Amino acid sequence: MAETILEVRNLHKSFGGVQAIRDLSFSVSAGEVMGLIGPNGSGKSTTVNSLAGLFSATSGQIVLGGEEIQHLPEYPRVAKGLTRTFQTASVFPEFTVREQVRLGSNTTLKSNPLASVFRLGGSSDEEKRVEARIEDILHLTDLHRIADKKVSTISSGEQRFLMIATALAADPKLILLDEPAAGLISHERKTLSELIKLIRSRGIAVLVIEHHMALIMEVCDRIVVLNFGSKIAEGTPTEIRSNKAVIDAYLGEAA
Amino acid sequence: MLDVKDLKVSYGGIEVIHGIDLHVKEGECVALIGANGAGKTSTLKAICGLVRPSNGAISFNGTDITGKSGHEIVRAGITMCPEGRQVFPQMSVLQNLRMGAYSRKDNEQAQDVEEMMDMFPILRTRAGQAAGTLSGGEQEMLAIGRALMSRPKLCIFDEPSLGLAPKIVAEVGATIDRVKKMGKTILLVEQNSLMALRLADRAYLFEAGEIVLEGTGEELQSHPEVTKAYLGH
Amino acid sequence: ADELTLKIGVSDALTGGAAVYGLPQSQSVEMAAEEINASGGVKVGDDTYMLEVIAYDDKANPTEASNSVRKLIDRDGVKYILGFCCSGATGAVASFIEYEDAVMLVGNAAERSITTMEIPNLVRTRPPADYTGAAAGTFVANKGFKRVAVIGALDVSFYSSYVDAFETSLQAAGGEIITRESFGLKDRDMTPQLTKIRSLEPDAILVVGYVEPAAFIYRQSVELGIDVPRFGFTSGSEEQFLRVANSDQMEGVWDLRPTELTLLSATDNGIAYHENFTKKFGIAPSPSSPYAYDQTYALKDALEAAGDVDDTEAVAAALRELPVPDEVVMEYLPVDGKMFDQNGQAYTSNGAFQWQSDQWVYVEDLPSDPAAYSAFLSTLD
Amino acid sequence: MKLSGKTLIAIAALIGFIALPQLIAVKYYLHLSILALVWVIAAQGQNLIQGYTGYVSIVQAGFMGIGAYSTALMGMHFGLPVWMTITLAPFVTAIFALATGYPSLRVKGHYFAIVTLAFNMVIFIVLMNFHDLTQGEAGITGIPKPGIFNFRDRETFYYLMLTIAVLATGLAALIVRSRVGQILVAIRQNEDLVTAIGIAAWKYKLFAFVTSAMFAGLAGALYAHYQSFINPEIFGVAQSLDAILAVIMGGSGTIAGPVIGAFIVVFLPEVLRFADSFRLILYGLILVLATIFMPRGIVGLVDVIRTKLTRRT
Amino acid sequence: MIEIIQQIINGIAIGGVYVLIALGLTTVFGILGIAHFAHGSVSMFGGYLTFFFVANQGFPLVLAILLALLVGMILGVGIELLAYRPVRKANHINAFIVALGLTMMVEGINLQFFGAEQIVIPTNFNHVFNIGGVTIPELRLYVILAAAALIFGMTIFVEKTKTGQAIRAVAENRDAAILMGVNVNTIPLIVFAISTMLGVCAGVMVGAVFAIAPGVGEGLVIKGFAVLILGGLGSIPGAVVGGLVLGITEALAAGFISSAYKDVIAFVVMITVLLVRPQGLLGKA
């Protein structure tokens, strides 16, 4: 079995009186796509936000690549290999697509940012070197056609791909996708599932939240199901699809 | 009931809707489907008076409402449950529902609040919570409830199932169906085209700011182009 | 003999909060110039010059003041600049005027350091505050008060130097200042400071500051039930105080200050000045405005003595040799028979005034020694 | 290398500035131009934090005050040469900016604006009341001119100021074109996303704030040596608002904007002197109208006109 | 002990004025996101006007205040329509610059019409209550009571009336409010009318208990913003708590620490609160 990238142990998060996550534990291995599903308000986004460091968890451990990170603020977690996208599109509207992706790669640059002011110490060489990677990511996410468009002028579907591209630019070990397919139409969803598979093939672990079951069932290796902040099931897509508790709480009769 | 003629909408000089015609008859449920950025929301916003059309005429129940302010249109009986929910984040769930009845003068509002809470029980358990802290799905239910609170003649839904759990999507579908059965006229925009087309009496397909197809729900469901682009999984 | 025009400049606060001081000064220069012109102008050698006044607003702001003066000198070709009500603006101009071909006559601005910088082409009609403060301290000590609480606009060095000198005199007589409470220019609620003073149970309180806030101190001290004697250094008129406090609240308050323009103590010149000013501008002159009026006459005499309107060095030198002109309004105490001492500083008499049933009453002279103070001033730098 | 339109304009402007003293008949306007150049430096700093980073700071004049007092006091008390105190002044200012920026940058938007305004008031009150050090409201007089050249001569001082203003503008341009500048602009657009992609936004905000304060400190120091006199009055909130105005009127988030804005802020009140006591009202009215009809400042207006012209041809 | 109580009472009187200024600011801020910097000068305009009616025209005080409220309301509406509405869609900083321009204009107008000398609105309330050594002048007591009544009225208005709820709705989500049938063109007018009337009340209080002079309005508006920040932007209870905290802090600081640095201490308290609770004492996260 591949090495464990992320291990979540006994995670709790409450907002005032609301217990959004209770005693959640699971783990994700390298090159694995893990699904996180559950009814609205079951704590999926809260989980992602706690992992990424936007919220600090009330208690529990988050272990990334063997290192506890729950006490870290948000930005160093990215440098340690954990990036994310948001449930509602979050972009830099005035940048071009390429500029935004380039900024996503900032954590991979080793030179002192101040050196870049005076173009010193090989900072511009290094900046040139990452350009190749940025092009690669733009192609991977199919954004190269619109790379020089202003972000505010691209469609909301394209913005969702842009968020993924930006997250990939940081060279992550694990990427958290919060409802990447929301608002995408069918052929875009296909592109998305291809993209997720490509990401996996590069050895990057993916944790994906989605309400779109077909997508989840197609791309996930394993799925964790939340309800009222607690894990109610974990298993392969086939196991989950037939799990009674999951059907009751989440899928309904339709699925 | 609603008649839109040669509608054009631009943002800052860039035209995004290039002259469309559509109509909704009393008691009918009409769906607008199409890709991202095709111009569905912009069309709805023009109807509701949130953006001013650059050209065209919109009439509702025989009166011209083109270019009227949003509140006048709402008071004429059109309400919209907007894309992205747009709840009042710091008001409580209850206050949000009451705001829905802002344009009403009768005193059956308390009763309608109860009705909404029966329809979406989660809203009752969260009645005092600030709406901004609800989960996405909870907010969608609140937005639908709030829209219905105005007892509209024409009810517009912009992507009501966005981000909802499958079970809830089915419920939303059922809710819209119920609204439809209440005899309300409905204009529905949905990414979940399958659901939309099942619910709709008629539908329009948008592409890049133009209407490219029109037909009954069944017709479009079986149209090859639609199946390929919108109804795949 | 030709009839020529001599431009003189005024830089003063014509708008904003300090306009209360600046505007009347500017008006009094205008009035003096008109009077001089009407009585034949300034006679320099064979020529007669009519004065033309150019006044710029410096808003009592240092940058604006240096702008106004630069403009008067560079653009309007003015060599004699009068006015100056406020210390900051005056200090800014004083810091460069030495290098200009011009003479600066300072009016109401009373910051001491202006005349300790040994600027040859600058004179000032108003005496520094500590000159008056020392006399006031002796006066209060002689009345037998030992523990005095001070409340004042102490961030303004003009007022704090008054208090410093006051303290020195008081200490010499075995008294002390038990607290120094401060307030800002825009503060009108002094109850926190007065409450503290009340709890310290002083023998007397001393109020130093602009009239507007000071009037509130007198009112609020009564409201807080403080019933010790109140001394002040405010130079406010009856009208100004009565806008804020009623006469009962003012009863018995002392004002220890330069004699300036008060009707009771004024000379014939003062009475005429008050009358003319009121007639011309429809408003009574502020007590400090004659400092600028007197400057104009001093300038006239100096120009005539120097005999050359272009030789600013000679005019500046002549100013320092000048006896007190006949037309001046304030009561100057000459040093060695000269209006301005070697520092360019003039001195007026100081007086003790008391509020007695509805008005200020001149009670007695404050013991002042301009010669000694002038010697002291020369030791500073 | 082909010169772009912008470079040509910059070179033309520079030539204009160099020729200016020969073109001005009345030396008074040279004086105002020197003050305007002081403001160029301060406004370039303000633009870094306000225009590029999107944080409206209302303490620029306070920082100018710290620069001005530190150069004057270091000269007075430690007898350091003028050049050295001018050089040190921005660094002293930086220390204060670090201490105030670290806590205040934790809040955003209007909160940040008001907190910085409070800092300006605190600086003002301390300068006013800490007599032993600052001589209070009376101010510090006789601040010496720098040595080497005859800086009493205004023309010489003008060229000194021009050199420093050009360097400051150049430095600002380098910063905003670098990776750091890109991050600042990103913070202005979406700070949460900046943090989410792994950038310690607070460090960059602090960098922008401190750098902007150093520009102000330098401007203040130069002001002090030019005018030879400082007191707290000059470094109050009203002047900080002028710095904001300079950025907005010129064109926020552009390099040319603060240069234009600084000259407007210095010359406009002068132009309006004719209005006498109505000046304040008129100045206010112009501000309101300019903001309504020229929301992106002069540079924005020029852009609009240029695109209109190019579209037509 | 008497001293502490006296200082707290001193603080409440000035705090009451801060609260009223802050209430006017907070409603405008909440709806339009405008830092209405001219509010202080406009308030003082109301005070000047009352003074003019009482001292120059000999009107009774109550009539003068009513007239000033009416003029203030019209002025507020005018400011919204002519100055702020045109920049509504622009960046918020632009509205702030407009506010600065308005401040200069109103200050200029005040100066032009009412002069540079301070004015005090004459009243006949000269009695001083003395309770066991703690004194409180009649006039200050009325000011505190009037401020309390206005705060109460304002709270009822926002929480209980339909217009009040509509105002909140616009503040939170403009487009959604339109969809509820709220006329978003009139709401800002109502808000400015109310805000200016509150400001005029504050101006009258300042003019009666203290004095109005050039610059006083600007000083007050800065305090008003400090109160907003302290209490939480857009929050009415926040403005009340913030104003009282600021007023009392100033009084205690002046009485027990240093009168020269009382404003510094007040600002330090504000900044400290903000660091612990970035959203202000009663602000929502």
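Note that the chains are named A, B, C, D and E in the order they appear, and that numbering of residues resets to 1 at the start of each chain.
One rule holds in what follows: a residue touches a chain if its C-beta (ideal position, glycine included) is under 8 Å from a C-beta of that chain, and two chains touch if they have at least 3 such contacts.
The structure presented is a predicted model; accordingly, all values stated were derived computationally and were not measured.
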item: Mutual neighbours - chains that touch chain A and chain B alike; value: none
item: Required steps from chain D to chain E (each step between touching chains, minimum); value: 1
item: Longest centre-to-centre distance from chain E, chain (CA-based); value: A
item: Most extensive contact between chains (C-beta pair count); value: D-E
item: Averaged-CA centre spacing for the pair chain D and chain A, given as whole angstrom; value: 42
item: Inter-chain centre distance, chain C versus chain E - centres from mean C-alpha coordinates, in Å; value: 37
item: Centre distance in Å when chain A and chain C are each reduced to the mean of their C-alpha atoms; value: 74
item: For chain A paired with chain E, centre-to-centre distance based on mean C-alpha positions, whole Å; value: 47
item: For chain E, residues that touch 2 or more chains besides their own; value: 111, 260, 263
item: In chain D, residues with contacts to at least two other chains; value: 125, 129, 277, 279-280
item: Pairwise chain contacts under the document criterion; value: A-B, A-D, B-E, C-D, C-E, D-E
item: Contact footprint of chain E on chain B as seen in their complex; value: 48-50, 69-71, 74-75, 79-80, 82, 86-91, 95, 98-100, 102-103, 130, 146-147, 150
item: Chain C - residues contacting chain D, complex; value: 14-15, 56-57, 60-63, 66-67, 70-71, 73-75, 87-88, 91-92, 94-96, 99, 111, 113, 117, 154-158, 160, 182, 184
item: Contact footprint of chain A on chain D as seen in their complex; value: 174-175, 178-180, 182-183, 185-186, 189-190, 192-201, 204
item: Partner chain B, residues of chain A touching it in the complex; value: 15, 18, 37-42, 45, 87-88, 155-158, 179, 182-190, 211, 213-215, 218, 249-255
item: Residue ranges of chain C in contact with chain E within the complex; value: 15-17, 19-20, 23, 154-155, 181-186, 188-189, 191-193, 195-196, 198-199, 212, 216, 223-225, 240, 243-244, 246
